[in-house]
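Common to both upcoming complexes is subunit A, partnered first by subunit B, then by subunit C.
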Partner chain A sequence: MIPEELQLSSATKDRLFGLLVKGVLGTLLLYALFPIYWMVISSFRTRTEITAADPQLLPVELGQIPAIVQDPALLLEILHYENYITMWARFPVLDYFINSLIIATTTTVFALVVGCLGGYAFSKYRFPGKGGVGGALLGTQMIPGILILLPMYLLFIWIQDTIGFPMTNTYHGIIFVYTTFTVPVAIWMLRGFFDTIPDSVEEAARVDGCSRIQALVRIILPMAAPGIAATGMFVFLVAFNEVLFASILASGDVTPFAIGIQSFETQTTAYWGEMMAASTVATAPILLLFVLFQKPIVEGLTEGSVKQ
Partner chain B sequence: MASTTRQFRRRVADLQLGNYLPFYSRLSEEQRFAYKLLAPGLAMMCIIHFLPIIWGTLISFMGVDSTYARQWHNAPFVGLENYLYVLDPRTVIGGRFWFSIRQTVIFAVGSLVVTYVLGLTAALVLNQKFKGRFVARTLLLLPWVAPVVVTLLIWRMMFQQQSGIINNILLSIGIIDEPIYWLIGDNTIWTLVLTHSWTQFPLVMIMLYAGLQGIPQQLYEAASIDGASRWQKFRYVTFPQLKPVSAVVVLLVMLWTMINFTAPYVLLGAQPPRAGQVGILYIYEFAFSNFQFGRGAAMSVILFIIAMTMAMVYYKYLFDDDFTEDSQ
Partner chain C sequence: MARVIVDDLTKEYNSPGGSILAVDELNLEIDDGEFVVFVGPSGCGKSTTLRCIAGLETVTDGTLHFGDEDVTDQKPKERNIAMVFQNYALYPHMTSRENMAFGLKMSTDLSKDVIDERVEDTAEMMGIKELLADKPKALSGGQQQRVALGRAIVRDPEVFLMDEPLSNLDAKLRAQMRTELQQLQSELDVTTVYVTHDQTEAMTMGDRIVVLNDGKLQQVGTPLECYHRPANRFVAGFLGSPPMNFLEVDVDLESGTLSNSAFSLPIPESAVDDVSGSKLTLGIRPEHVSLVDAVETHAEPDHLIETEVTVTEPMGDITNVYLDVGGESLTVTSDDRLGVRGGDTVHIHVPAAKIHLFDAESGEAIKHSDEPIDSTRIAEASGHAETA
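Entry: the complex of A and B
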């Protein structure tokens, strides 16, 4: 056994434990944030700097800091912001962004409309087959996308050939696929938010002469706005990040960012600097929105898993 | 006037639906409203989820290849031939398919272990009381919120053999003597596991964190009175109490990793090395580069069945284990 005088007192133990917690937290933060930091740093570097054998961890050398503090304009010389200018001409980044915005925003709107209706029905009413529908909603999340993509591809081609209505490489084709993909998730998340609104609200609105649909649109939906925003952000991210369907069904003029950004790495050269500049432009607004609206988003995500 | 209209409407409803859909007429007005609200969502799910699954299964029994891509319905019915072909380990395709299934299992189990350990550690740390833990929680969630295509490409850049920062740091600390090939050769599957875990651990963290918050404080007080150490509290209070949430986390991470396409597709680039071709990526390459839709569909069905079987076995094991009773 450890002799008496060498045993740690409980105060010392607490302090050591506190240190351990801080150390682990620091390591985790470093691990979580370093790649994001590296993206931003790399976006300000030239190709030679990025492919150098000994990349610098800091954007500026420590010895340069006093000079920069004296003359901030020097920063513009050290940090190469050229990537942010050349990328637009070298790759159709603007088109990618616009395509992604059109696809993801429209998907979000449609999925929210359908999801609000379904989620509300799920939260407030009992009806035969409710359990089955719930299971089906969750079941859709377990299906490998490729199993759906193959028939979907054949269907799109068949529609084009027989009816003559273009489906592949169109906005409406991919938006339709994404909307349906995200509706089950949207219903499930929104159900959790509607659960938090008491049933008496609808009853009161009904007593005041609203029809059921009026009660939903005029009274309930405004109350659920934070939850709807959170679900909307989630749906937007899913649509923004999707690559499986996009790589087959949305190329050419409707290529979204998620597919287009990969073309920065060509057979012969990788334009990492430009790629990271475009990535930074795409990531910054999303991170900002998340930091602003994180409370309902985090609640919406954890709701289903913990409540069972 | 209004009441006459309503009566008329009701009569019409009784006439039509009462006769043709006896089930629907028996529903209360509230239940009918619920169905109407759900109808658009369900209709869309039928078109995109359930019909294609049936159709995909149908195609897997047909010889749909490049000749029939534009007229799949004329393709010959070949019975189980597609299945037998892709499951036969002696053919090149079959052998590679089995290999890809193996890689899928490594990918799923590996990612599960890494994300669970990271997620639990982070959740436990966040559950301590310290200043700025809200900020810390936000920052730790960022890897999951940042667009995953972007983060995968960042990791691809960092894993470059010559210029990548990861090899550079490992070399300068002295852990390795030679730059490692992360994105070619047999290491690829582990690169995939590490990267995917980075993008997914915040989700596990936040779910487990919510679970930790739900553990009644009295249990810890009781444990303190019994003189339990920190480790004992974790071992006998926290961990068992987290079991229901952990069960959900394990199931979701396993399934979502098995059917994940984005991570291997983006991280491994245009020419994915053999070792990184997990099931879904291999099916994709095979089906769309050779237009072998019938065989591709057969592989997809097999992948789906494997994922579903694992989920069901796991689910059954959970309920045999009666975790719900323990926690109450």
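Entry: the complex of A and C
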């Protein structure tokens, strides 16, 4: 037994526990953010700096900081911003980025349209096989992508050969693939949000003169907007970041950014600085999007969990 | 405005364990402009019936008419009804003004100006004009309730349907809204169906009340009719607080008495011809039983029962006295002049005229109390003499 005078008071215990929690969260955050930090500072380095045997943790030397504070223009000399200029000419980075935006945006639109209708049906209707279909949708998420990749590739080839309709290396082909595996998640996420909307609101709309579709569009969807934003963001990120299927099914003119970025690593040289610069540029719009929609998305992510 | 005619309405739900009969062959005629209250315990089918009238539920069997028009298979939007929900069901992304205008926008061809004018007029009548620009989130419960009512009123519907609209309000506001709603309804003179499980609302608000249990109609009548002339034991026990006392009694036709282990009362004269069988249920309302101090000089000495007080509940103006009569509990509401306490032995008077008798098995009423039910007065007060 610890003598009483040595025991911690409950306030101290709380404080220690708080410190522990902050410490753990801080470590996790560091773990998550460090690669992004490294990406950004690498994008401002020369090839020699990047491949140096003892890389510097900070982009500038500590001794230089007072001088930089006095004359911020010094930064331009220290940081190797040329990566941001040369990268555009070396590879069609902009094309890759636009391809990614087209693919991710279209996928998001399709997944949200199907997800809203499906999620709404699952939430508000009773129909035979509801449990089974719902389970099967969830089940598709349990199958690793690599298992579907080959059959999907064969399916694409088969469609091309028998119908003559091009599938590989097309926007619609890769959008189709992404839609198939984001729709189930979208349905399940949106179903949760629709569950939190009381039935009586839809009924009030129907009594007020709406058909079911009108009630959905005019009343239910606006109420589910935070959930739709959260789901949309999730789908968008999945489609934007996907590598496996894109590497096989989407090359040539439709190469998305996630694949295109690898071209900076050629057989003879790796243009690390430019690759990191391109990655930083590609991250920015998504980050901006997230910051803009952060409030509704965070509200949306937590809203489905509590029944009001 | 319309008469609502419910004919053999049946609603069955399919569930994995078999079908559930929510409403069983309900027949009802609601007059034009009448205020009818559906009352009953949870799961009695009152809300289901209302939802069938609204068109939110399909009807398994039977028909529904508004006036001469068969609306059984019509969609809610074709029925020209307005509904007030328990949780108000306001549209959270719209202002009060948009909430109120939404129904008119969707169901009529009125111009924006006309709609605006009607919304303003209704808002003024409801005292919510200054709230028109606010969204529901910014309103208190009472204000939300008013907007929800305003949204129904502005439609000028044929029928108002209200599904426990006051049950989310606190007691004080509820009492206030109760009278306000009654006034509104009689001013607007719109046929109204009101669902509640609160018997105070049922007794005070409706021209007639419809008592339901297990999906079956128990009784339709004015509140006082249902209170003083209950059709069966269920209605008798459901209306009134504290509820009617029920005592199982044996009938002895030879000696002309109703008795159990604790007492023996003469069969009331008015019921002698109707009493048959050997067992009955005697019902007596708590306010009709009185505590007696002068036993010797009492006018109806053979209607006195000696009992023991178990608990007393002082309510301020009256006291609920719980008594033990042959192992069964009996409640008396008394003005407590005697100051009885638990454990006291008292005499109670069960007046023959106030006794109800029910068939012990079916629960059907055999005899009612002779309490007058002044239905013309009630009807005049609510402005619908024809419904009495």
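Methods note: the second predicted complex is superposed on the first by the 260 of 308 C-alpha atoms of A that agree within 3 Å, B and C clash if a C-alpha of one lies under 4 Å from a C-alpha of the other, contacts with A are read in each partner's own complex, and residues count from 1 in each chain.
As a convention for this text, contacts are C-beta pairs under 8 Å (C-beta built on N, C-alpha and C of every residue); 3 or more make two chains touch, one makes a residue touch a chain.
Just so it is clear, the model here is predicted, and its values are computed rather than measured.
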### Task
Once the two structures are overlaid on subunit A, check if subunit B and subunit C clash or fit side by side.
fit
### Contacts of A:Val24 with subunit B and subunit C, given as first, second, both or neither
first
### Task
Determine how wide the angle is at the CA centre of subunit A between the CA centres of subunit C and subunit B, giving a multiple of 10 degrees.
80
### Task
Count the residues of subunit A touched by subunit B and by subunit C, then name the partner with the higher count.
B
### Query
First (subunit B), second (subunit C), both or neither: which does A:Cys210 touch?
second
### Contacts of A:Leu190 with subunit B and subunit C, given as first, second, both or neither
neither
### Message
If we overlay the two complexes on their shared chain A, which of subunit B and subunit C does A:Gly145 touch? Say first, second, both or neither.
### Response
first
### Query
With the two structures laid over each other on chain A, which partner does A:Ala239 touch: subunit B (first), subunit C (second), both, or neither?
neither
### Query
If you stack the two complexes on chain A, which partner ends up touching A:Pro35: first (subunit B), second (subunit C), both, or neither?
first
### Task
After the superposition, pull out the minimum Cα separation from subunit B to subunit C in whole angstrom, please.
8
### Message
From the superposed pair, tell me which subunit A residues show up as contacts to subunit B and also as contacts to subunit C.
### Response
none
## Note on the structure
Per the touch rule, the subunit A residues reaching subunit C in their complex are 198, 200-201, 203-211, 214, 219, 222-223, 225
### subunit B partner contacts - residues on subunit A that touch it in the complex
17-18, 21-22, 24-25, 28-29, 31-33, 35-36, 38-39, 42, 50-55, 57, 114-115, 117-118, 120-122, 124-128, 133, 136-137, 140-155, 157-158, 161, 176-177, 179-181, 183-184, 187, 212, 237, 240-244, 247-248, 257-258, 261-262, 265, 267, 270, 272, 275-276, 279, 282-283, 286-287, 290-291, 294, 298, 301-302, 305-306, 308
### Complex interface listing, subunit B residues touching subunit A
27, 30-31, 33-35, 37-38, 40-42, 44-45, 47-53, 55-56, 59, 64, 69-72, 118, 121-122, 125, 128, 130, 136, 138-143, 145-151, 153-158, 162-163, 165, 168, 198, 202-203, 206-207, 209-211, 214, 230, 244-245, 248-249, 252, 255-256, 258-259, 261-262, 265-266, 269-270, 279-280, 283-284, 287-288, 293, 296-297, 300-301, 303-304, 307-308, 311
### Query
Which bits of subunit C are touching subunit A when the two form their complex?
54-56, 75-77, 81-83, 85-87, 89-93, 102-103, 106-108, 151, 155, 161
